[in-house]
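Input: one structure, supplied below.
Order as written gives the chain letters A, B, C and D; numbering starts at 1 within each chain.
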Amino acid sequence: MTATVTKPQYEIKDIALAPQGKQRIEWAGREMPVLRQIQERFAQEKPFAGIRLIACCHVTTETAHLAIALKNGGADAILIASNPLSTQDDVAASLVADYGIPVFAIKGEDNDTYHRHVNIALDHHPNIIIDDGSDVTATLVAQRQDQISEIIGTTEETTTGIVRLQAMFNDGVLSFPAMNVNDADTKHFFDNRYGTGQSTLDGIIRATNILLAGKTLVVAGYGWCGKGVALRGRGMGANVIVTEIDPTRAIEAVMDGFRVMPMIEAASLGDVFVTVTGNKHVIRPEHFAVMKDGAIVCNSGHFDIEIDLKSLGAQANEVKEVRNFTQQYSLPSGKSIIVLGEGRLVNLAAAEGHPSAVMDMSFANQALACEYLVKNKGSLAPGLHSIPTEVDREIARLKLNAMNIQIDSLTPEQIEYLNSWNAGT
Amino acid sequence: MTATVTKPQYEIKDIALAPQGKQRIEWAGREMPVLRQIQERFAQEKPFAGIRLIACCHVTTETAHLAIALKNGGADAILIASNPLSTQDDVAASLVADYGIPVFAIKGEDNDTYHRHVNIALDHHPNIIIDDGSDVTATLVAQRQDQISEIIGTTEETTTGIVRLQAMFNDGVLSFPAMNVNDADTKHFFDNRYGTGQSTLDGIIRATNILLAGKTLVVAGYGWCGKGVALRGRGMGANVIVTEIDPTRAIEAVMDGFRVMPMIEAASLGDVFVTVTGNKHVIRPEHFAVMKDGAIVCNSGHFDIEIDLKSLGAQANEVKEVRNFTQQYSLPSGKSIIVLGEGRLVNLAAAEGHPSAVMDMSFANQALACEYLVKNKGSLAPGLHSIPTEVDREIARLKLNAMNIQIDSLTPEQIEYLNSWNAGT
Amino acid sequence: MTATVTKPQYEIKDIALAPQGKQRIEWAGREMPVLRQIQERFAQEKPFAGIRLIACCHVTTETAHLAIALKNGGADAILIASNPLSTQDDVAASLVADYGIPVFAIKGEDNDTYHRHVNIALDHHPNIIIDDGSDVTATLVAQRQDQISEIIGTTEETTTGIVRLQAMFNDGVLSFPAMNVNDADTKHFFDNRYGTGQSTLDGIIRATNILLAGKTLVVAGYGWCGKGVALRGRGMGANVIVTEIDPTRAIEAVMDGFRVMPMIEAASLGDVFVTVTGNKHVIRPEHFAVMKDGAIVCNSGHFDIEIDLKSLGAQANEVKEVRNFTQQYSLPSGKSIIVLGEGRLVNLAAAEGHPSAVMDMSFANQALACEYLVKNKGSLAPGLHSIPTEVDREIARLKLNAMNIQIDSLTPEQIEYLNSWNAGT
Amino acid sequence: MTATVTKPQYEIKDIALAPQGKQRIEWAGREMPVLRQIQERFAQEKPFAGIRLIACCHVTTETAHLAIALKNGGADAILIASNPLSTQDDVAASLVADYGIPVFAIKGEDNDTYHRHVNIALDHHPNIIIDDGSDVTATLVAQRQDQISEIIGTTEETTTGIVRLQAMFNDGVLSFPAMNVNDADTKHFFDNRYGTGQSTLDGIIRATNILLAGKTLVVAGYGWCGKGVALRGRGMGANVIVTEIDPTRAIEAVMDGFRVMPMIEAASLGDVFVTVTGNKHVIRPEHFAVMKDGAIVCNSGHFDIEIDLKSLGAQANEVKEVRNFTQQYSLPSGKSIIVLGEGRLVNLAAAEGHPSAVMDMSFANQALACEYLVKNKGSLAPGLHSIPTEVDREIARLKLNAMNIQIDSLTPEQIEYLNSWNAGT
């Protein structure tokens, strides 16, 4: 495998940003005690010795700790950006300069660069792929059939990516195991709900500095991310409207005290809109047409397709940046629509992504999922696999310990009771 | 099958209570539009023609509507109480007098009577059992092996009952299909969370008339019921502490803003305690010993075993009823502990059980699960079966329609997107 | 003063109810530690020796403790009902039988009886009047000018009563001091907000057993009572709409995350309506006309005038009691409207009024306000007087102590800082 | 008055920042419809013609709109910074360059510069002072007795400043009227509660990027600011502890569901601390001594005296900036304490201050208070004056209109009812 010899060592904005990046990586580490313990264990046990690994992630301070864990574990790992807007250039610099990890990611890189980086990563001939949205896996499956035999497995942590993997599996092209990190309770309960909830509002506030109290906030989608955004929106005093396509989630939102209605009705009522559906064109021309002047629109779903910005742009007389990450589309009607972060993940574009404390558990799942793939190499069927419950509980346990919180344990009498079925009669 | 000839027609408190019961059943019907539609369809389609069915349920106004649906569907159905304290005698009377449904249930019946009623039910030689806590099924399996061949299947809606069925299956004694109604999203998200949440507080307030604002409320268990009680407790201004044995649920409670600690610590801090664990002796002598004078203790889990009242009674100098459903245990230390509803489900003992609006969906699941068993007679494997997703969604859809709430549907473009995996690349 | 000789000793439902009343009075005492301490001090200090006092109150277990405090303090006190529906007959019986306090109050008494009781009370020739809605004071001022010279002062705890006293003062007919108990922080922050909040929902749930989660709750009025109802309504999962006539309160409700709109719009959206305005005909024919079939309407303001039931009754084909305290008005349109507690205070009509824990502070204010009137006899100007801040704080302090909660106190450095104005420069 | 001739025209960071400042000022204007209407009216009516006015404020985009309103009204106005850390240099530049308003404010200016600016402002010989914390007024009263006769009055909007003005009045040195803008309902309900609530959390999150869910947040002080911080903290999933010195506020916090305890107990439990008391050294060495390693401490009260940073600094081995506005104090014990914004207002130091939407109403009060002073020149007594209720309501009304929210108005029948006192009898 001589590919690694000729490839460029890294492609980042500015290596001189490393000191600032290092300080920020260390700051994030304060809130990541679970991953820290895993880093320490991996450094001793080297579970990834001889393994080539590529990680396609948002290049943030938290991802840095995942990368460090993998490298500590002996992996020959390289890191690329999963999203052109989310790269923190100082973190990329520090990973290269301080931790010796090759990184290919520049904030604001164009689509060509992004796809070039995906191909650089695949040129690394990975055995394991940590994917985020399944772009790398989709590229591999579509364009690099010859490398598939080298793959031990992949891990994926977004709803979007899981949907795509399932579609690949249904099409018969997913011929290796894929760990569904998103399904782990310690992932989606926390990352999607508490992480997306706080950081989406953080992104909106940093981008606009608006007061949320008294605003009508429309949340498209009531999955775990949507639940988090709606809950935190209400917690900040907004009046929340939920839109859904799933009747069970819709009725759940109603029972949680939110208004539920089709987007075409919500569109004329909302002051701020957030899409978190994993689907395409959830807000589209028919909705823009009835929005209030000055309505603010953003996305916290994985891809930048949830808002149909192409149509909006085609209609607009002018598109102007009015604050950082805040663009005003002036429409012929005289009305304007404000779009945040170009429709990309607003928490990454305008804020700092998920707080370290939630990524701690999500990335602990990623790290342990990779270990699980290696340990079970050859014995896992192709297709999606859940994170084993014991991994999930272990992560929760490490987190509680780090927070110095004790919980009850079952008494012998209770264990016996749970295992008997004739006690009540 | 001549057993039905000799059995008594009913055993209730007082048939003269029927008019009041009828009025209350009709009142409940206002909030049960889903079951009403099912009653209408069953009356036409008669899916249970020739089927003997027994339902062991809390005999409430809502259960009445389930019983009516089953009878409308052609079932030869009888109803017994699943809990000695939860029977509403006027409802029992009306079911007999106005709807012609045999009922064997008297509020406050003793254990012997309860078990006699279970046996009367089994003497009916049921093909389908709607169970609530799995007592009837456990009795059948333990004592009536000869009737097992007559069984098409059972349905069960409590966590407690599911745990017991799983234990039976593990022991190799569950040789017929059992529909896990509790697992349906339209059941546990709503009944366990919103139903138990509101009605548990309602039971506590009716029993005691205390102000919840400013009280420390200890919730043992953070499953769907516990989440509901904790959420509504906070909604009423209480300061909530959660106890758990599962680390993932514990960390979820922490992230939801609650304090989490072992019961032995919570015991000395709480003003009011609610157990919703499905387990035994969650509050026991070591906890009573450190409670505040006047601490209020109650249970909202299925069985009356979550609080170790036998031990508490053995310690007490005196047990005195100080309000309806409210007993004061005076301890040698001079301290007293207040126990509500004798440790039975406080929402049924001291209030009216779950509001009709949630039972509407739970019992729609029960009714459709019975229909599913009949339709798939012979083709379902022994053991637990989930409610099919389409049943679940249909119930949610009927409920939304009844509330006059519209939701979005997928556009063709979105359907195509969800089924493709190479759109993002 | 021979009037007391000939007057009947009491007029209650049934003296045999006394044992049950006594038990309930004692139960309430557990949550009333502030008033208990005042009862003890009054028993020693006898501040009301030689004083004739009449209290026009809801005759509940909590009022019993106020009456006991006054009697302990040496007052020649009698008690009448301030509201025909709110009397707890067992409490009335126990006050007579066990505590020797004359009571004139029967649950459900008609208007003639009510006014006869007001006159019996005035025949007592009171020096102090504890009023609740200012009916007694209004009667005195309008019909018994000759007794005015005997008055030391009155106390009043409702917003409604304060509005009327202010109107009397503006008309020049209030020629004695009136203590505004409603204005005490330890009264209106707690009683109006937390007390009315919880007990209004309690009344609605006991009357109807509906699930609040997912319902649209319209709260008319965003004063302290309305804030409490809206807050607790949201806490139970309802979607809350507020109506107001005051723009400042309206914008406050908006910022608290509620929808605000005129009643004529809210009328067509609400599932449940609560009036807490202190004003008349807040819900009237134009609103009934657009309500949903089955809409539930109730009042938690002092008088039964907030809902125009006379007009509704005139329209109705039939008025039928469908549950206790729950009447269904069937309208010619085929629609029905559900009215709770005949438009009287729903928390008293259908539940047990405010929980003892809040009345503890409100009635401590009443008791100390009476003591203040006696101590300052002759020196207070006619008109409304606020409760002195130190009384207010003392009550809060006694309550905190009873709850075993410590707080900080100012350091000498901080006291100095607060008294200086040139420290920051 | 030749003073204005020789004074420097402005003292700001960099006039070249003006374009960015202008864009941001315009952005803020979108959320300030009330002040915009006032700007328009003032431009026509010129209420401040011939008036010299100085405004000592946080120099933010919102303050810019106040300054523009004053200038539109004909005032000869200059602006200085009320806080060395809160100046937005681009806004200062734009005010000078685009709006012709002299500004003396540079972010990070030292204390000497700050006091020099205060004196430059006083050299302007103001007739009206808009103060923020009462530093300018205190300097005037202490050092410039000769100018007092030129003063028409002052306005003050902080709790801190009001406390100082009251102390000046008590000392007999406040010989002119001071409008208490802080007391206006449209100010303190909104600015202090919703503004401080959101922006304090915003400041903490921007400075640290921590997840608030699951953290223990200690809020010192339960005035309107503290209520806002506690409410929003809970809304973000934190577990909130309140400390207080006032028993009434303490019991209110308890009833709102928060834990209340002395700071010395809270200190060992908190993850994040916010002071909002208006008092000095609320967190001091005895508290630092028992804090957790890594505890985060910040202030949202007006002055930077609430946390005793001098003592903390004296103890520390090292003080290091670990993120922007985030300093780590390493203590000899091995523990570290994190201090945000150097103990200055965290929402201004680390975020952008209050959102425009709340400042809209606060500054409308300031503008109308100045107009009121001019209109009532000579007729107002020395000392503190409340904002007239009609001003307050007018502001609320303008805001509702701008939000397109209608409310009810009283019917003639209701007006009559409110003015009568004998309707209920």
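Just so it is clear, a residue touches a chain if its C-beta (ideal position, glycine included) is under 8 Å from a C-beta of that chain, and two chains touch if they have at least 3 such contacts.
Source: prediction; values computed, not measured.
A.B. asks: Chains in contact with chain A and with chain D: which ones?
C.D. replies: B, C
A.B. asks: If you tally contacting C-beta pairs, which comes out ahead, A-C or B-C? Let me know.
C.D. replies: Greater number of contacting C-beta pairs: B-C.
A.B. asks: Let me have the rounded angstrom distance from the C-alpha centre of chain B over to the C-alpha centre of chain C, please.
C.D. replies: 38
A.B. asks: So how far apart, in whole Å, are chain A and chain C when each is placed at the average of its C-alpha atoms?
C.D. replies: Roughly 53 Å separates the two chain centres.
A.B. asks: Name the residues of chain A that each touch 2 or more other chains.
C.D. replies: Each of 194, 213-214, 234, 237, 251, 254-255, 403 in chain A touches at least two other chains.
A.B. asks: Where on chain B is chain A touching in the complex?
C.D. replies: By the definition above, chain B touches chain A via 115, 133-135, 138-139, 142, 160, 163-165, 167-168, 171, 185-186, 189-190, 193-194, 243-248, 250-252, 254-255, 260-263, 265, 279-282, 303, 305, 392-393, 396-397, 399-400, 403, 405-411, 413-414, 417-425.
A.B. asks: Where on chain C does chain A make contact in their complex?
C.D. replies: 213-214, 234, 237-239, 251, 254-259
A.B. asks: Which residues of chain B touch chain C in the complex?
C.D. replies: 23-24, 26-28, 30-31, 194-195, 197-198, 202, 205-206, 208-214, 232, 234-237, 294, 322-323, 326, 352, 354-358, 403
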